[in-house]
Structures are given as C-alpha cells and as structure tokens.
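Below you'll find the structures, each written out as structure tokens.
Each of the next two complexes has subunit A plus one other chain: subunit B in the first, subunit C in the second.
Let's turn to the complex of A and B:
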C-alpha cells in the first residue's frame, strides 16, 4: 500500500518500490500566496469599480488555462501544437450537445467532455510519433479547421453557422453580476489548479524526462526513456485539460459555436498568449493570458474600429522586442535570478 | 567469464550498400574489447545496431542470454547496455547535474529512489568525471572535453553492464585525450562495466583492450589479442599500413 512519512522538510511517499519526495518550502510560498490573493480579491473590487473587468478576467483565465496545458504538451512532445482549440471544440460541443439534448447540468457533462477530449487525443496521438517539424504543425493546424467544416456539414446537429443555444449555465443566481463573479472564481480556480498541477509535474522527475525528450529524442531513448509513452501521455493529458475549458465556455455563455473557437483567430490568440508570456513557461502563460485579454479590452474601448488592426500589430512588435522565447515572464525571471536556471543544492 | 553479448550473423543494408555483412562475435563479461577499422568500415553502424538505433536486417543479437534484436533502445538500456556518441550529444537546455539525474532515473531500475536520491547519486558520477563544480552549468556551455566527460557520466549513471564507447578521443588535444582514456580505464576499475571501444589511435587501444576485433567493408577480418590483430596481414593491408608502428 501507499506509505506516507512526514518529515521536517518533506513528505516522503512510497508505493510499490517507487519513492517520491515532496519538498515543503514555505519560504518560497510568499509570491504564490500574494498573487492568489490578488486574483481572488480582483473580482470583488471590479464588482464595485467596473463590472466589465470581471468578464475580461474570465477571458484571461480561459486563455491562460488553455495555454498552460499547451506548455505541458509542448515540453512533453517536443513539438508545438498549432491546433489546441480543436480540443476546446471537442469539449465544448460534447458539453453543449449533452446539455441541450439530454438536459444534463454542468457537473454531469464535465466527465464526458474530458473523456471525449481524451478519446480524440488518443486517436490523433500517433501524430506526435510519426510527424515532426512543419508536417506536425500543418497536421495539427488542420484538425480544428476540419472540425469546423464538419460542424457546417452536419449543421442539423452542431448548428454550424449560429452555434448551439440553451446550454445549462454554470451558475444561476438572480443577480447577474453575482453570476459573473462566481464564473470568475471558477475560472480562476481551474487556472490555478492547472498551474499547480503542470508546475508540479514539470518540476518533478517526469518534467525532467519530458525536457530530455524536448531536447533530443534519440539520446533520451538511449538513456532509457520510453519516448513514445512520454509523448503520448503528455499529449493526451494536456488535451483532456484543454477540453475542460471547452466545457467551461459552453456552460459559461450558455451557448457554443465552433465558428468562434475553431478558426485561426482564436488559435492565434492562444499561441500569442503562449509566446508573449514566455514559450512553454507555465507562469508566463498566466502573464500572457492577462496581458492579451486586458490589451484587447483596452484597445476595444480606446481605438474602436481600429482595434482589429492595432491588436496584432502591437503583439507582433512585442514578439520582436521581448527576449526570444522568454517573453514577459523571462524579463521577470532574469531580474529574479533564483530559479532562472534549474539548480539543485545537494545536501551532503 | 560468462558470455555477455553474442552477435550472430548480423547484416545491415542501406539500399544497395551492405554496411555490415554477416558479422559474428561475442564479448565476455568484464572484458575490454577494441573495435577497429578504416573510415566507413561499419564500426559506428555496428554500435548503432547493438544499441538499437538501427534495425538489424538479418542475424541475432543476444545479451546475457536474452534476445535483444528487436528491442527498443530504452529497453536495452534497462537491460544494462549504454553508449556514448562519436560527436557528443548533450541535452543543451539541461544543466550537467540534471542530465545525469535523468540517466540515474531512467537507466537500470532502482528500488525506492526519489528525485532527490537520484540527484545525490548523480553527483557521484559528476565527481568521478571531474564535473561536480560545473553541476549547475547548462550543457551547451561546456567545452568539448567536458562534453565528452558528461557523456561518460551520463552513460555510467545508467549502471551499464556493457558500455559502448564510440571514439572517446575524437576532437580532443593530446593532453585531454590522455585524460579521457585514463578516465575510461578508471571507470572500468571503479564501476566494472564490460567495454566495447571503437578507437582509431592504435597505441591506446592496444594498451587498453584485452581483445580487438577488426572490420573492413562491413566484414570481420580479425578477432584476437592485440598482438595477434596488429600482426594480422589482412588488418595491416586494410587498415594499419606497413609502416604503422612509426606513426602510432
């Protein structure tokens, strides 16, 4: 059975000849606690100052919660998936269809959205083994676009051009603003949960093994890494996590339309979050998500009809100006050097 | 000494070119076997076949009685077969310590080993090859000699029973080459792996190896003690040349 031993500075878990050390380091918790508090206080402040900001915050959380698993997928497979929104579509349509045709609530549709996303990822997982480089990019890019075509072809089921209406809402209070606040807390909770899980995985032995696959698959194979297992697992798990965001979108808005989430525009926003925040940096995804959601909102309010032009131009300039591959989070890490490079202080 | 590796009638073709032609040999536990041949003879191809990077077209490879011919590279590593590369292939974005930790974690299975335990074990290998002070340096920032040593540490950390070394001296200056060769000899003394060593510098391999196998055009032309091989007419004709001792 699982043997758990609590020591002064760590929790030691033993199971079937395997051992995990979970280091407890309260001295590093300050930033995490401060930022979590900020995220949870923000909707309350926005409620009184400008309720529209709550919606922007939900959008930012959605961007971040899609980009975080995408980071895991990128590190674990050594390839950048250009169609993460495909799994948003699978999760969203599963939740919406089950809610409309079976009358199921959000909690009932959630496991099915995850299962279908995982199932779709398992079907397409051979891509991470057989395709690389431009071929992988093109194949993953095509998936959401093909799915979009399917929603138009079978418009009787998917209502391709207008989307599905009448999905059960996530929370249904009489006060609409309260609904927004609850949605903000749920989206923040999902985003923080993803951040915690993915950060923990990437800092563990599994993260290190993924990093070797990312660096040189052939050599990783040679030192004993089952690279196919690592790639497929990280691909499938991340897809399941992205699928949950499709479920969230369907139940948050009460409607789901492939035309909103499957085209290139939505995919580009996710990839920009991923790049501007810092390529495959989990904390960078949060920074990128908030930056892009709020930039978009500010430009809509200040530039009106010029927003669709100004938004991509500003982002393109940022991509050039920011340190290559390191993004916004890279700037922070360079100033706070402690964990810029992974180091281990060996106690002897 | 028991037989650790047995290669029987192995053939590898690349299109019309037969790179390895019906090669058979065996390696006993604890031996240091040199593997020599002119450029393009098929030495690295044999190492790639043994480590599983290339598929064998015909023939069988057995390790300690287990058929490994169709096993994947990671499965062979778990059985105790490890290799270094002719041109070092580090994980450029990982620190030296992290690279070796991965080998400890993924090599031969250890019971009850956490990530932190693996880090402590990895430091032993880094100390052995003289890279402990560079444990937190990214592999891409190491010198060529240090990369060679990192490769050795990474291979040793998988606790191999058979270590395939592909030209440890290539690209090193004479002083570094001597240190590298000493390191391989010390590694054998300290960790006890059987060594299958490709090398071009005859003076080194004749001293270090207990047995030498020579190939040319993918075919085995000699297998015996260093004295037997360097005096073999076919080896002198194909590889060493008549006046090789003057330049060795």
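Let's turn to the complex of A and C:
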C-alpha cells in the first residue's frame, strides 16, 4: 500500500520499497512564488503599458520551454543535441497539417503532435547509443537541416518556401489583445510545468542516475545502471516535450514555416538560452530565455537593420564574460547546489 | 544504361574532387585539434565577400583584393584560435557555441553590408567554356576546380607523410601529451593547421564562385557537405576524406541522373552516412590517424 508520512519539511511517499520526497517547507517556496507572481502579473501590466511586450514574453517562454527539455536530454544522454529544433519542426508540422487538412482544433492536434515527435525521437534514438562525441553532434546538427530540405522538396505538402498558413488559432476572442494575454498565460503555464517536472526529475534518484550516465557511461554501466534505457528515455521524453512547443508555435501564430525554426540560427538561439542562462541549474533556461528574447526585441527597436549583426556580437561577448557554466542564473544565485555541469565530451 | 553510368562516374568524380576542397580543411581541424570547428562556415562567405569588400570599398583590382582577403582570413583565423579555441579547448560546449556565433556574425555582416540584391559576383574564371568528355558536357571551370582539388590533396598528403612538420602534426593528432614530451611545439602547430586548412577552401571558393550560387548563407550549405564527408571518412583521416568525397559525389550524381531529383542530394548523402556509421561507427577510415 501507499504509505504517506508528513514530516516537518517534507511529505514522504513510500510504495513497494520506493520512496519519493516532496519538499514543503515554505521558506523554499518564497523565490518560486515571487517569480511565478511576476510572470503572471507581467502580461496584465504589459496589456496597459506596451502590449507588444506580451509577444516578447511568449517568445521568451517558448525559448525557455525548448531549452528546459534540452537540459534534461543533455544530462540524461550525456550528449548535447545540436538539433532540438528538429522536434519543434515535427510537432509544428504535425499540428499545422492536421489543422489545415483535417480542420482539427488545437486540443485535437496536441496528442498527435506529441505522438509524432516521440515517434521521430524513437526512430533516431539509436543515435544516442551508436554515436558519441563529435559524431553525435554532427549528426544531430544535420537532422533539422535535412528536414528543412524535405520541406522544400515536398513543397506541395509542407509549403517549404512560404510556410503553412490557416492553422486554427490557440484562442479566438474578438479582442486580439486578449488572445495575446491568453497565449502568454498558456505559454507561461507550459514553461512552468516543464520547469517543475524537469527540476523534480533532475533532483530525484533517477536524476542522480542520469547524472552518472552524463559523467561517465562506463562507470554507470559498471555500477549496474541500464545506460541505454536511461539515455533513450531521456531522449524520447525530452523530444516529446519539445514537440509540444512546435504545436504551440503553429497554433499561436496560425502559420508554421520550417524556414523559421529549422535553420541553424534558431537552434543557436536555443543553445544560447541554455548557455547564457546557465547550464548548472535548469532555472537558468528561464533566465536565458527571457534575456535572449528581450535583448532581441530591444535591438530590433534600437538598431533596426543592424540587429542581426549586433545580436550575435553581444552574445559572443556575454559568453566570454559570464561565469563559465553558471551563466546569468549563477550571478543571481550565489550558492551552487549542484557541483557538476552537464558536459558534452566532444573530444572524447 | 551505360550513358547513365558514365554520367554518374564523370560527374561524381568532378563533384567529389570539389567536395575534397570544401571538406579537407574541416576534416583536418577535427582530426588534429580534436574539436568540431562549427565556425568553419565563416570561411566561405569571408572568401567571396571579403574579396568583394576590398574591390568595392578600397577600389582594388582582383589580384590585390584576393591577397588582402587571404591576409584577412589568416588574421581572423589566428584571432579565433587565440581567443576562442585556445581559451575554451576544454569547455567544448562554450567552444562550439562561440564558433557558431563567429560564423553567424560573418554571415549576418555580409548580408547586412551586401544583401543578395547587390549581385556579388567575382570574375575568377580561369578557363571559360565547356569541356566535352564523351557525351557529357561540363563547365571547364569545374573541371579546373576538380584538377586543383586533386593536386592540392596530393600536396597535403605529401606534406603530412614526407615532411618533418607533417610528422609532428600526425603525432599531435594521435597524442598531444606525448607529443609535448618529445619536444613538439604543439601550439605553433595548432596555429599552422588553422592557417593551412584555409587554403583549400579559399582556392575552392574562388574557383566555384563564378559557377555556383553566391549568397551570405552559403557557408552553412558547404559546411553540411564538409560535415558529411568528414564524418563518413573518419574525422581527420585524409585517405578516408578522399574516399568519402568521391562516395558523396557519386551519391549526388546518382540522385541527379538515376532518380532525376537533385533536391534529394543531401538527404541521400545523410542516409548513406547513417548506414555506413551503423556498420563502421568511426567512419570509413580510422579517425585516430591522419593518413
């Protein structure tokens, strides 16, 4: 039977010899509650001050919600996937095609977007076993680029040149600004849900096993960890989560174009969210997502045509000056709870 | 039937030799420095747009512009080594991201200063006209490019197998620490490699520039080919790179002449690479050695 024990600072659940802890001490909640409130108040303030900021917030949430599963994938597989946008493409095209050709709404297309993303991840999951180091980086980097080519080859289906349009919108109120606010709350909800799930997984016993695989596969195998199972599970689950963001993008904009999400430039943004925000803690993805999205918006407003050049230059400088691995979140959080950083072992 | 086989072989050979020019440098950087030089994509637009910049902004003629561009390439390459590769050699994720950013900066700067409407075109044609080999008609410039590709590869192979510096580079590619112990100046050889890998790409771009499409984002397309060739051949192995270049060239030619769909070229090459990697995870040749 399930045994629930309420302690001073935590709830302990025991079932068939397994144990789960849930930290409940309110002093650990303070920062999370403050930041969650800020995120939920922001769209309302922006509604009256500058409605354009709501769109930037949605973009930031999307970046963070792609980077968070990427973080999980990196730790669990011990490899860095240079093509997470491939699963954005799979999820987005699935949602867009089903919506356009079958007339399905967002709620109906969601499970199919997830299933297709997971299916694609299962097909490519042997890569996490057979390829390592440079080979894995190279092959994952090529996947979205080749998918982009496929969208051009079968342009009759994917409309590779102009993108698919006419996708059912996520929310359809008469007031456009209200649609944006709802989208902001939905994206914030998804992002926070991902954050909660991934943080819990990484801090759990399973997270420790994943960290072992990340650190040294041979040692992990030696101590009895089923490394292939851990790697494939992390890879497939994270891909499914990223696929949901493709679904969100398709239904949020009402269009989906591979040329926007599949090239290296989009992948680079996600990678930078991960790097600038901080690799050591999954919360860094949120800091990075917001930083990148708002920096991009400010540069577009102030620099106009020069923005595409200034943006990577600023990020390159940041990469040099920010504390290695800790990123922006490392500056915010002085104490570092996790002593290891996810690494990629390219030179191995 | 035999016509098609002949076309595949002749075009596969020409394309393979040109792919050698594109991929040789990438493979060597991967093999010797043991890093994935994602910034490699910057060399392609910098060759074309750098030359164009010296011609347009300083009013130089073609040859001095090319000389200035080569000097600029060497300077950029040195700075990349000094401030990115050397600094982050053991923090690979930062290294790869920084290199990608460099490539993106060069691409975006080219696009900002010389947008595609500018119609950048370098008149670097050495031999104009068409060469007819049997029933195949090939632009003479591409044939020249193929011959130059083969000659350059032979020179690289000779350098790495017959010279003392080549021997030292091969030693580094196998074991850096042991190389240091026997007195090899690893850093200066790293810089040397960063410089010499530029040569095939610069020559290749100047040769194919008048025939193939020029646009600021071309570096990513060429880097895709370089990645496929390098991975298939076994990172850093020159023999493997040569075989892989021709295999990819023949695959591309097969897509054009048998399937009749040139847009499948890269997709078919990736499928080929994946199948070969399943059978030989280290590529065609051993990636631990240069030759």
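Keep this in mind: the second predicted complex is superposed on the first by the 317 of 348 C-alpha atoms of A that agree within 3 Å, B and C clash if a C-alpha of one lies under 4 Å from a C-alpha of the other, contacts with A are read in each partner's own complex, and residues count from 1 in each chain.
In this section, contacts are C-beta pairs under 8 Å (C-beta built on N, C-alpha and C of every residue); 3 or more make two chains touch, one makes a residue touch a chain.
Note that the coordinates shown come from a computational prediction; the quantities given were computed from them, not determined experimentally.
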Considering only the touch criterion stated at the top, classify A:215 as touching first (subunit B), second (subunit C), both, or neither. first
For A:268, is the partner it touches subunit B (first), subunit C (second), both, or none of the two (neither)? second
Partner chain in contact with A:18 - subunit B first, subunit C second, else both or neither: first
Go through the superposed model and pick first if A:145 touches only subunit B, second if only subunit C, both, or neither. second
Counting only touches as set out at the top, which of subunit B and subunit C does A:174 meet: first, second, both, neither? neither
Which partner reaches more residues of subunit A, subunit B or subunit C? C
In the overlaid three-chain picture, which partner chain does A:3 touch, first (subunit B) or second (subunit C), both, or neither? neither
Same subunit A residues contacting subunit B and subunit C, which ones? 343-344, 346
Taking the touch rule as given, give the residues of subunit A at its contact with subunit C in the complex, in rising order. 80, 82, 126, 130-131, 134-135, 137-139, 141-142, 145-146, 149-150, 152-153, 263-265, 268, 271-272, 275, 279, 305-306, 308-309, 311-313, 315-316, 319-320, 324-325, 343-347
In the complex, go through subunit C and note every residue touching subunit A. 30, 34-36, 38, 83, 90-94, 96-98, 100-102, 104-105, 108-109, 111-112, 220, 224, 227-228, 230-231, 235, 261, 263-264, 266-267, 270, 273-274, 277-278, 281
Contact residues on subunit B for subunit A in the complex? 51, 53, 72-74, 77-78, 82-83, 85, 89, 91-95, 97-99, 101-103, 105-108, 111-120, 123, 135-136, 138, 154-155, 158
Where on subunit A does subunit B make contact in their complex? 12, 14, 17-21, 23, 204-205, 208-209, 211-212, 214-216, 218-227, 341-344, 346, 348
